[in-house]
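Going by the order they are written in, the chains are A, B, C and D; count residues from 1 in each one.
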Amino acid sequence: MNAKEIIARRVAVEMQDGDVVNLGIGLPTMVANYLPEGINVVLQSENGFVGLSSVGEVPDNNLVNAGGQHCGINPGGAVFDSAMSFCLIRGGHVDVTVLGGLQVDQYGNLANWMVPGKMVPGMGGAMDLVSGAKKVIVAMEHSAKDGSSKILKECTLPLTGKGKVNLLVTELGVFRVIPEGLLLEEIAPGVEVETVAARTEAALIISPNLKVMQNLASQI
Amino acid sequence: MNAKEIIARRVAVEMQDGDVVNLGIGLPTMVANYLPEGINVVLQSENGFVGLSSVGEVPDNNLVNAGGQHCGINPGGAVFDSAMSFCLIRGGHVDVTVLGGLQVDQYGNLANWMVPGKMVPGMGGAMDLVSGAKKVIVAMEHSAKDGSSKILKECTLPLTGKGKVNLLVTELGVFRVIPEGLLLEEIAPGVEVETVAARTEAALIISPNLKVMQNLASQI
Amino acid sequence: MNKHVTIEEVGQSFKDGMTVMVGGFLGVGTPEVLVQAILDREIKDLTLIVTDTGFIDKGVGPLIVKRLVKHVIASHIGTNVETGKQMIQEQLSVELVPQGTLAERIRCGGSGLGGVLTSTGIGTIVEANKEKIWVDGVEYLIEKALRADLALLKAKKADKAGNLVYDKSARNFNPVMALAADLVIVQVDEIVEIGEIDPDEVMTPGVLVDQIICIGGAR
Amino acid sequence: MNKHVTIEEVGQSFKDGMTVMVGGFLGVGTPEVLVQAILDREIKDLTLIVTDTGFIDKGVGPLIVKRLVKHVIASHIGTNVETGKQMIQEQLSVELVPQGTLAERIRCGGSGLGGVLTSTGIGTIVEANKEKIWVDGVEYLIEKALRADLALLKAKKADKAGNLVYDKSARNFNPVMALAADLVIVQVDEIVEIGEIDPDEVMTPGVLVDQIICIGGAR
């Protein structure tokens, strides 16, 4: 199981039956593949509908997800305009949003939309999602490609949202943002706490009830 | 021809073909009956549609005008919610609004929604209409029931809108609000300027091109 | 996730002192069965957010007549003589809000917006106690968001997921109120299976709706 | 009042330096024939208000590639490499706006609202040069209204009065943009007679639409 799959599997456990969920492009999208049995969620697509599903046999050019890829819409779905889409997002009608990250810090800050001088794709709907969703989960690999930590004392990149992250899931563990900092609640099977700490720039608080990451054991 | 009919007939002349028009309850509603030939307007109903028409043979309890009376909707009409209805009204998408008045003053102020201690029905949509319509016409009888002038130097009742009235039509004449005050542009047939002035508290500017009120001659 | 419930189940969430938004315009689009449920249970000390207070025997009017309401936020109260009477007797407080401003304030409350800037009401008593701001040479009032504990709405049709379709001018305030309350209960004339309403025809997405009662079933 | 016109008539209202809103999301719901009309006429120095700048060969992207645009207001430019390139070369200025804020700013511009209060962007560089305000214990940015000279939109169907019906996720920004421009031109796949669209099914009322071109007829 690769890092992305570990992360997606674990994030899937956070969903409750009936939740309205917005999944970001890339890794977060994978979460839909690992929903526990009996857990059905309504996927919200920020370009204007709920009931997002996988593409049918005949792609429809007027039906795409927020990444511009062909998709489907479930029976019981509903289409609306972009203004309404963000009324839902900002207004707390989305129960969970799962976003990728470039950096997360111990204050629950998230940076995921630009690298000055290098990459300025724009924030799209990400700032509204972190601002308005009831629960903000960041799903990202623990370290950058150069091996540096993406979990910092303080983000250095321009923020997407300030103090809005509730939960961070990486392939090494599950971190809850609490007023005191980042609480390590779960750890990947076979990984030592020291390893996680060494690969994390932010200070970690180790939960007295530290557990093995959920939804993985049966698959490994 | 009674005062109300004189007023409604004259206001009707202000409409241009294709205008989107909102008519207030009461006298303003009568304007629709006197539209010149070839002038078709789209009536907006602030409770949520355009294409307001008279009620059909079978009244529909889910189709009423802003006064709560059964009405119809023309082919080519469109229904929307109250938020959208006022987006249209405030956003300048209504070309003309015709409202009744309790008082109008020489600054273009209008009072038509309450009499302290006596009558507080509420402003409904009137404040939005005077604030947002491209052209605001007040259609009202010249004097109150006790004979006092309703056209004042300065309104004494709580305002509906400040400096928003463009044109005032009474059974005695047509008054345009200009920066200098109220310009008497047209006068009812057989009425003397002195009579209008005597029955008007506000100072009047008499147009050098003073005309007889339009759309009446042929009917008298 | 069948949101179809009985009128008895609905009543269990009513509480004295709650703030209630009720859809409708002069009674058209008002969920009369849900209003009756409040009357039957004599839920009192209500704050009511409505475009108008209806008539003494129509719309939300009977709630006023039965003196279950302590505060009203509305754009128009003139068609219900009881509202004005209780207001003058100081048994009921009334905040009058321009109708377009009311719609925006409710929409804001349901959309994570703190308020809007509108020029409606500038130079009138609607300004009282409100902040004003100039933007690009125009003066605006800052009008703040409104929310409620409960919204009682009416639609023509719902599917079991709560997707709503309204009928003509009975739509009015119902869609914005669906955004702005903790609990959203809708009275419908007809309930259909999931999949029977085309996603493009939905006027209020079911994710905003908590409970549906169907008149056919409830009466 | 038949608003059905030809693509040639439409082009006459295009002017260098104008501000243009174009509907669509990554090219879906973008009126490609109207975009092509701007390209054909080489209308330049445009300010473009869009949710994204599409791809180099899709959506509004070709307008950027052909260097007809001097300023972009958008939420996302990452899928069109030309936008970023011209921005870094300082040949194009870009204002990035959170997508929900962009929708609200456009809606305000078309609705007589000066702006909205949103917490989106608080604590980020989106705050720069903006007023902030506290309402009931929450901090908000004041985000101002946006308008355009011209809106180019796409719908599935129109009647001759301009009433529009959109198709699935091709709806996106088209309805709010219909409110917010001095001239609103819509490209549709199908045009029908007045009366063929039920008033309850209209998604954008025809009173907002000035001109319609029909692909069947225009090509």
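Here are some notes:
In this section, a residue touches a chain if its C-beta (ideal position, glycine included) is under 8 Å from a C-beta of that chain, and two chains touch if they have at least 3 such contacts.
Listed by chain with UniProt protein names: A, B = 3-oxoacid CoA-transferase, B subunit; C, D = 3-oxoacid CoA-transferase, A subunit.
Quantities reported herein were computed from a predicted structural model and do not represent experimental measurements.
Separation of chain A from chain B in touch steps, taking the shortest path, is 2. By number of C-beta pairs in contact, B-C leads over the other of B-C and A-C.
Between chain A and chain D the centroid-to-centroid distance comes to 29 Å (mean Cα coordinates, whole Å). For the pair chain A and chain C, the distance between C-alpha centroids works out to 35 Å.
Once the centre of each chain is set as its mean CA position, chain C and chain D turn out to be 32 Å apart. Listed for chain C are residues 104, 107, 112-113, 118-120, 166-168, 199-200, each touching two or more other chains.
Counting only residues that touch two or more partner chains, chain B has 49, 73, 79-80, 86, 89-90, 131-132.
Taken as a contact graph, with one node per protein chain and an edge wherever two chains touch, the assembly fits none of the named shapes, being neither a line, a ring, a star nor a complete graph. Looking at which chains touch one another, you get A-C, A-D, B-C, B-D, C-D.
On the side of chain D, the complex with chain C involves touching residues 104, 108, 112-120, 131, 133, 135-136, 138, 140, 142, 144-145, 165-168, 199-201.
Put simply, chain A touches chain D in their complex at residues 45-49, 60-64, 66-68, 73, 79-83, 85-86, 89-90, 109, 119-128, 131-132, 158-163.
Residues 1, 107, 110-113, 159-161, 163, 179-180, 194-195, 199-200, 202, 204-208 of chain C are the ones touching chain A in the complex. Within the complex, the chain B residues that touch chain D are 18, 20, 40, 42, 44, 49-51, 73, 75-80, 84, 86-93, 131-132.
Across the interface of their complex, chain B is touched by residues 25-29, 51-52, 74-79, 84, 87, 94, 96, 98-101, 103-104, 106-107, 118-126, 156, 166-176, 203 of chain C.
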